[in-house]
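Think of it as A, B, C, D, E and F in the order they're written, each chain with its own count starting at 1.
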Amino acid sequence: MNQTDLLQGQKPSNSIHMFRAMVGIGLLCALLIVVSYEYTLPVIKHNKAVALEKAVFQVIPGAVKRVTYKLTDQNTFEEMQGEPQKEQVVYAGYDANNQLAGIAVEASGQGFQDVLKLLYGYSPTDQKIIGFYVLESKETPGLGDKIEKDNDFLANFSGLDVLLSDDANALKNPVKSVKHGTKENPWEIDSITGATISSKAVGNIINNSISYWAPLLYKNISTFTGNQVSSLE
Amino acid sequence: MSSLNKTLEIKTSPHIARGVSTDMIMRNVVYALIPVSIFAVYAFGLSALLVLITAVVSCVLTEHLLCVLTHKQSTVGDWSITITGLLFGLTLPPNFPLWMVFFGGVIAVALGKFIFGGLGYNTFNPALVGRAVLQASFPVAITTWHPAFSTDRFSTIASSTLTFPFMEPVYDTVSGATPLSVMKFEHIAAKTSDLFMGLTTGSSGETSALLILLGGAYLVYRKMMNWRIPASIFLSVAILSGILHTINSQYPAPDFMLLSGGLMLGAVFMATDMVASPITPIGVWIYGALIGTMIVVIRVWGGLPEGVMYAILFANAFSPQIDNLIRPRVYGTSSRWSRT
Amino acid sequence: MLILTSLAALGGLTLILAAMLILANKKLHVEEDPRIDIVEDMLPHANCGACGFPGCRPFAEALVSGNALPGKCTVSSEDGRVQIAQFLGVDVGAEEKIVARLACAGGTNVARNRARYQGLQTCQAASLVSGGGKGCFWGCLGLGDCEVSCDFDAITMNPFSLPVVNEDKCTACGDCVEACPKDLFSLQAASHRLWVACKNLDAGDEILEECQVACTACARCAMDAPGNLITMKNNLPVVDYSQNHATQVPIQRCPTGAIVWIDEKKGVIKGEQSKKIIRKGERPIASS
Amino acid sequence: MERKSDKKTGFFATLQQSPSTDEFIKGLWRENAVFVQVLGMCPTLAVTNSATNAIAMGLATTFVLLMSNMLVSSLRNFIPKQVRIATYILIIATFVTVADYVIQAISLDVHKSLGAFIALIVVNCLILGRAEAFASKNTIGKSFLDGLGMGLGFTFALLCLGVVREILGSGTLFGIPFFPANFQEWVIMILPGGGFFTLAAWLLIFNWAKQRKKKVVQLDNKEIAA
Amino acid sequence: MALSLFSNKTFKHGVHPPETKDATSKMPIRRFPFAPVMIIPLAQHIGAPSVPVVKEGQEVTRGQLIAKATGFVSVPMHAPASGIIRKIGNVPHMSGKMVPGFYLEPFPSSGQEVNEGTPVNPETATPDEIIAGIQNAGIVGLGGAAFPTHVKLKVPEGKTIDTLIINGVECEPYLTTDHRVMLEQGPDIMMGIKYLMRATGAEKTIIGIEANKPDAAEYLNSIIPAGMPVSVKLIPVKYPQGAEKMLITALLGREVPSGGLPIDAHAVVVNVATTAEIGRLLPHGRGIQERVITITGPGVKKKGNYLIPIGTPMRFVLETVGVEDNISEVFLGGPMMGPSISNLDIPIVKGTSGVVVFTDNEAKKRKEKIYPCIKCGACVDACPIFLNPSKLGILAKAEEYDTMVGQYHLMDCFECGSCTYVCPSNIPLVQYFRMSKGIVRKRSVKN
Amino acid sequence: MNADSLWYIFINASLINNFVLAYFLGICPFLGVSGKLETASRMGGAVTFVMLISSMSAYGIHALLVAIDAPFLQLISYIVVIASTVQLVEMFIKKISPALFRALGIFLPLITTNCAILGLALFQTSKGYGFVQSFVYALGAGLGFTLALVLMAGLREQLDLADVPNVAKGTAITLLIAGILSLTFMGFAGLGG
């Protein structure tokens, strides 16, 4: 072994080489990525749509068709295509007869461990929450994740009373979680023993969300029902 | 004169010793825990007795077997493992399934103590390591409480206690609620005198503040326990919760804070585990204050009703740092930080 | 379009970053002789200090700067030294083989204890307690601090609790010299084969009560040795290694075998007239 | 001096003796990324709460490792030393992005449960480590074998953890119930703490086995000496 | 009376072992016979050993100079008895080493009278004359350290001494030497104080005595000559109150800086027995040839306080007082600091303040099982220097000497043994520290 | 408490969902550099610093990518920007403090390719944090990482002097401690919830 051999590679190379290497590889990578993106995009879009649809249909019993609406600056709703970016959206579900079956709303808030993301179905006609689905949760498996699995708990959401007050600007009775076995009123959520905190979090999240959305949705109910015909093919 | 031709022994000074030995200290801690254990059995009945026995047996057995496996002399004789077992048992719900108790005992000793090098090296309180693992493994079982002083407690054993190993426990009786969870979720405080005398529900050993304090007082009197640790925990909890309670009476009052949950047992017997706590007087005050503060924070703002275990474990993790940072001023030096 | 924007974006990004890196590389580059790393890699990484530097890296720096020669590292193999020498284009700088030698032969079969020592089982600790209780105040305490200190496993305690140096493994790092509280070790050229294995400064046979292989300062070795090869100092023979000392004559009449010949192959050779040691067990602690 | 007993026999030994297969074999066990080199710990701990996740993650990592190893190796003479890390990362990130989209296309559920950790394959020390330590110095063929071996070794390690954690933590294996109905799950196993403990337990077992082996070898040597 | 002397001030931390002084505290000082052979090491003090001025076979008389000082930090030796210098060679020493020294064979009829030299006048002598007188008398600290007293008294340029502290604390269990000296040699002590104050220029003198010796305090207080600024203070019983740093803190509320000397706290500490010796020898210009020693312990039959000639071998001492059959351990000084001796040929030297003999019973009572440190903090609460012996012990075991010195002040430990005394795990802390300090010193010498 | 409040973001990133102990991010440096307190605290500082830098960069890049509508370049541009920035910092440190550079040794480049750094950037984007929120998030994550590292270092320094059984020495015991710490940090769950 001699000195020059070993010292090779320690020599500074010239800047052009470095530029060439980095930019060249950068371009190559960009190419690779774009190509694979283009190829997979349709499939992924389809997957996502299916997943969303599944969730929406789960929280709106009887729904077979979904239309996305976005909230405009004038507090009205208009139909939108494509993926929502910054807009606040809700998903209206229509049944086989093309009647409005309910509106699915996303809501999120602090759970026991981290942020909980929920989707719930709201029926503006009945003024009830008619379905509930957990989109994202880091609650403790075995405890907190019962909010996704516990049938007693899920039963709360097949008709949770969210009546508006007379002026239709706020809820008449706030949605509230109560201790397991002490549910007395239709606007109360019967908690899960051992997961009181997660249950309460669900209650809070829904309460906050529905207090905001229910008046809006209720006032614009015609937008959703009126659409029935137009979106029919 | 033959005795002058005897071979002398030579050893380094001092040639006398105070005569208090480690095994003696440990034995006395066991004595101090006996009234608490008896009360636990009295309040919760046969199930609690079984839990305590299983806890001690599993700990002692594990320690002995590990020593045998690693070709060391068994260290069961120094009694420290008996304390670990007893305290571990006392922190569990009285109706806790025995197989889980056994599992936790093995974990407490193997993971909490042995793997760190045994007596004197465990950086965390072994009993609490055992409990923390159980709490994370079986959160439902460990938060399901048996009511105290049920009438049939000496004639029947809770069905959950004898759950078949690895199976989910089934609960028969109406489960009780601890004063803390009632506080947390319904904002109702239990009566102070009940808390003090131990007439509430909770872990086997945590309910009677009176007996715990008596045991602690005995150890302080025998100079076998560092009184500063419970003192600083009590002080910090009382001050902090006092302030909060005056600001907003929704927050629990100091007397409730001090007497409810595992605070008494934790402060007197578990935070005082000298191995896992700092060694200098000032360091110990800081350690206690850290525990006290964290207990209040968890109880008041946290998701869990009780935080003593987490507080002590957290402070355990801090104690090497406390010892690093807090060093008494050495005689004849001017600053705390002087390093030659 | 998508392809174009993304190519432009990523290309631009990499361009900017490359420019930044290249600039920084030029501006912030720290000059360090790259040979140091290479030489350090060639060293044995024992960080023992036998070379006289605090560790392998400082030694590598010294080697590169020409302030030391590879031969100073007694730990590395001959090949390793040659490799470094070739790399740096310098002499190997041959060093004479040096080993640690023990100036005591008082194992438990020949020397006895006066008192029973209790406490930390290290020589250093024992020596502070009334000297450790050994009958001979100068002698080896046999608790093996030297054995522990030797990073090269060159020292083993024999069945009589006396350290034995394996000269092949010894790198002359000097740890044992430092470790022994009785100062019984010294670094000697391996060619010093005539060796006084005793440090007892008392004259006369009284010491034999305590240790059967002690030097009694009878001075026979000094008389028999050619010229003034051996002189008596402080009741001990001292070999003048600057003279030719390749002679076994001086050991022959030593009555106790305190002066010995350390043979390369056969190990320790005692004189013909030295008293034979037959005891295989431990010498009982003094008592009557 | 060569001792006869040093020569190993058997299938693996034969493989080891051929240099190219050794590039493959070493990653599986002798230089296993997780158990021996302690690399790529984050995904190892984070996504192994079920066996399915473990396999998905392992395969994704293997894919990225394989591709980046090959690309780095083929470009190795083109890349100057100073920008080496930056370019390697570019390459790796590219393949991770590709993998990310592919997984999304295959199954959104898997993508969701692996979460950010697919993207984080970019920073798996293992991949950069192999690019830097191996691919940048070896031919494409060797780098391919190295990447495959390392990747499968990594997958194997993840599976070791995933199986244990899923069985104990959820009572299932690949989603299929493993125990009688009322088995009590050890929730801790799917929590972060359980990840640490399980990996530690595996390491303990390996260390123990290694030490035993060493002892046996020492005994053997003694016998030979006697 | 006693109450008025009592001061509640003391130093922080420390321990309180059982005092066990009752057996000898009431026993008056008695003279000891001469041994058939006396063994006199040349190094009985800290500093340079003295060099012989007599030859083998020479006859010497009691009190005659037999070895002279070499330099300032050194003291001469005087013959403890009239007799023949049998041999000059290696003699056993309590350190376990063989050191140069004399074997002196007293004449069978050697008398007790002593050679006189040049007296030092307490009223007129200059400080330097007194200091020279003390050196010529061969006086070293009799409190145990055996540091040449005159060296301490020499005030270096730029430093001052305002207080002379006479150390009558005797905090070690078992020992009653100083107690008896205070009760029986009061006038000598007062005379010694006079010399010392002149030599150092101290403005006042405090005699510090522990509260378990009220009789000595009362007596000394009653004989203070009129006009002398001397006061007696009784302080709480606590070990190691007798250590000069602690005593200065207890009496003056000052601290001796780390690595410094009492003079840095403007004080000098001299033991009462040393003071008495100065007061007794200087007026006659004599040299020191004997000292008061407590011989006690469960293994001793005739316990008591004896005036023993220096050089008396331990074997003769124990033969004279008689020992039990089952003795196991002999140490010189108190049980907290006194070193064990490995054989009985070791002689009494100037620094020996007591001989304590233990029997097998004590050895059996001692728990020998060593547990790991349980971080109980007892040692931290005991260490008067505010060290962390627990951490130091753990570090010593791991041989982290640099950390011990650099971060945990190992070198400030003065080996009082309080930590080991209280340690429930029986960890030989002081031994670790001694050993570590030895190694650290050796290394620093090497570098 | 509001899940978007700065205080909550901070507590969440540092304690409740500590990057190392709950999210398993940055385990490699956590295992590698937690042996000595001195290095650990410096490493913690370095990571916090790099986190802040990369959080800021990621925020900028994200805005850019949204503008040119090329989300698929997110990962690659994050990592490249972060890597280059860290390399700059590395050179800078080598220049101004060779001692610090030597102490952190090979770990500075490792910070670049560290899950915690990239994870932070990805999480802050997916949570849709604004500039200030991102900054606080990065600060919390960095300090949480430092806390875990420093605690671990203290414990490991203590264990260096303990009789740890041979089989457990090294990574195994470190992982066990990490597990216990992770259990301990579970006590923070729900804080601010």
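The rule is simple: contacts are C-beta pairs under 8 Å (C-beta built on N, C-alpha and C of every residue); 3 or more make two chains touch, one makes a residue touch a chain.
What you are looking at is a predicted structure, and each value in this text was computed from that prediction instead of being measured.
Visitor: Counting hops between chains that touch, how far apart are subunit C and subunit D?
Guide: The fewest steps needed to get from subunit C to subunit D is 1.
Visitor: Sort the other chains by how far their Cα centres are from that of subunit E and give me the top one.
Guide: That would be chain A.
Visitor: Name whichever of A-B and B-E has more C-beta pairs touching across its two chains.
Guide: Output for the comparison: B-E.
Visitor: Roughly how many whole angstrom separate the Cα centroids of subunit C and subunit E?
Guide: From the centre of subunit C to the centre of subunit E is 40 Å.
Visitor: Rounded to a whole Å, what is the gap between the Cα centroids of subunit A and subunit D?
Guide: Whole-Å distance between the two chain centres: 35.
Visitor: Distance-wise, how many Å sit between the C-alpha centres of subunit A and subunit E, to the nearest whole number?
Guide: A distance of 85 Å separates the two centres.
Visitor: Centroid of subunit E to centroid of subunit F, CA atoms only: how many Å?
Guide: 60
Visitor: In subunit E, which residues are in touch with two or more of the other chains?
Guide: Those would be 339-343, 372, 428, 431, 434.
Visitor: Quick check on subunit B: which residues sit in contact with 2+ other chains?
Guide: 6, 8-12, 111, 117-118, 120-121, 133, 136, 139, 303 - these are the residues of subunit B that touch more than one other chain.
Visitor: Could you tell me which residues belong to subunit F and also touch two or more other chains?
Guide: 72-73, 76, 80, 84, 87, 163, 168, 173, 176, 180, 183, 186, 189-190, 192-193
Visitor: Which chain pairs here would you call touching?
Guide: Here the touching chain pairs work out to A-B, A-C, A-D, A-F, B-C, B-D, B-E, B-F, C-D, C-E, C-F, D-F, E-F.
Visitor: Name, in rising order, each residue of subunit A that touches subunit C in their complex.
Guide: That would be residues 1-3, 6-7, 10, 12, 15, 18-19, 22-23, 25-27, 29-31, 33-34, 37-38 of subunit A.
Visitor: For a test of understanding, state which residues of subunit A touch subunit B in their complex under the given definition.
Guide: Against subunit B, subunit A makes touches at 112, 140, 142-143, 179, 194, 196-197.
Visitor: Which bits of subunit D are touching subunit C when the two form their complex?
Guide: Against subunit C, the touching part of subunit D is residues 82-83, 86, 90.
Visitor: Looking at the complex, which residues from subunit E come into contact with subunit C?
Guide: Interface residues on subunit E, with respect to subunit C: 89-90, 92, 94-98, 339-343, 368, 428, 431-432, 434-435, 438-439, 442-443, 446.
Visitor: Which positions of subunit F touch subunit E when the two form their complex?
Guide: Touching subunit E from subunit F are residues 160-161, 163.
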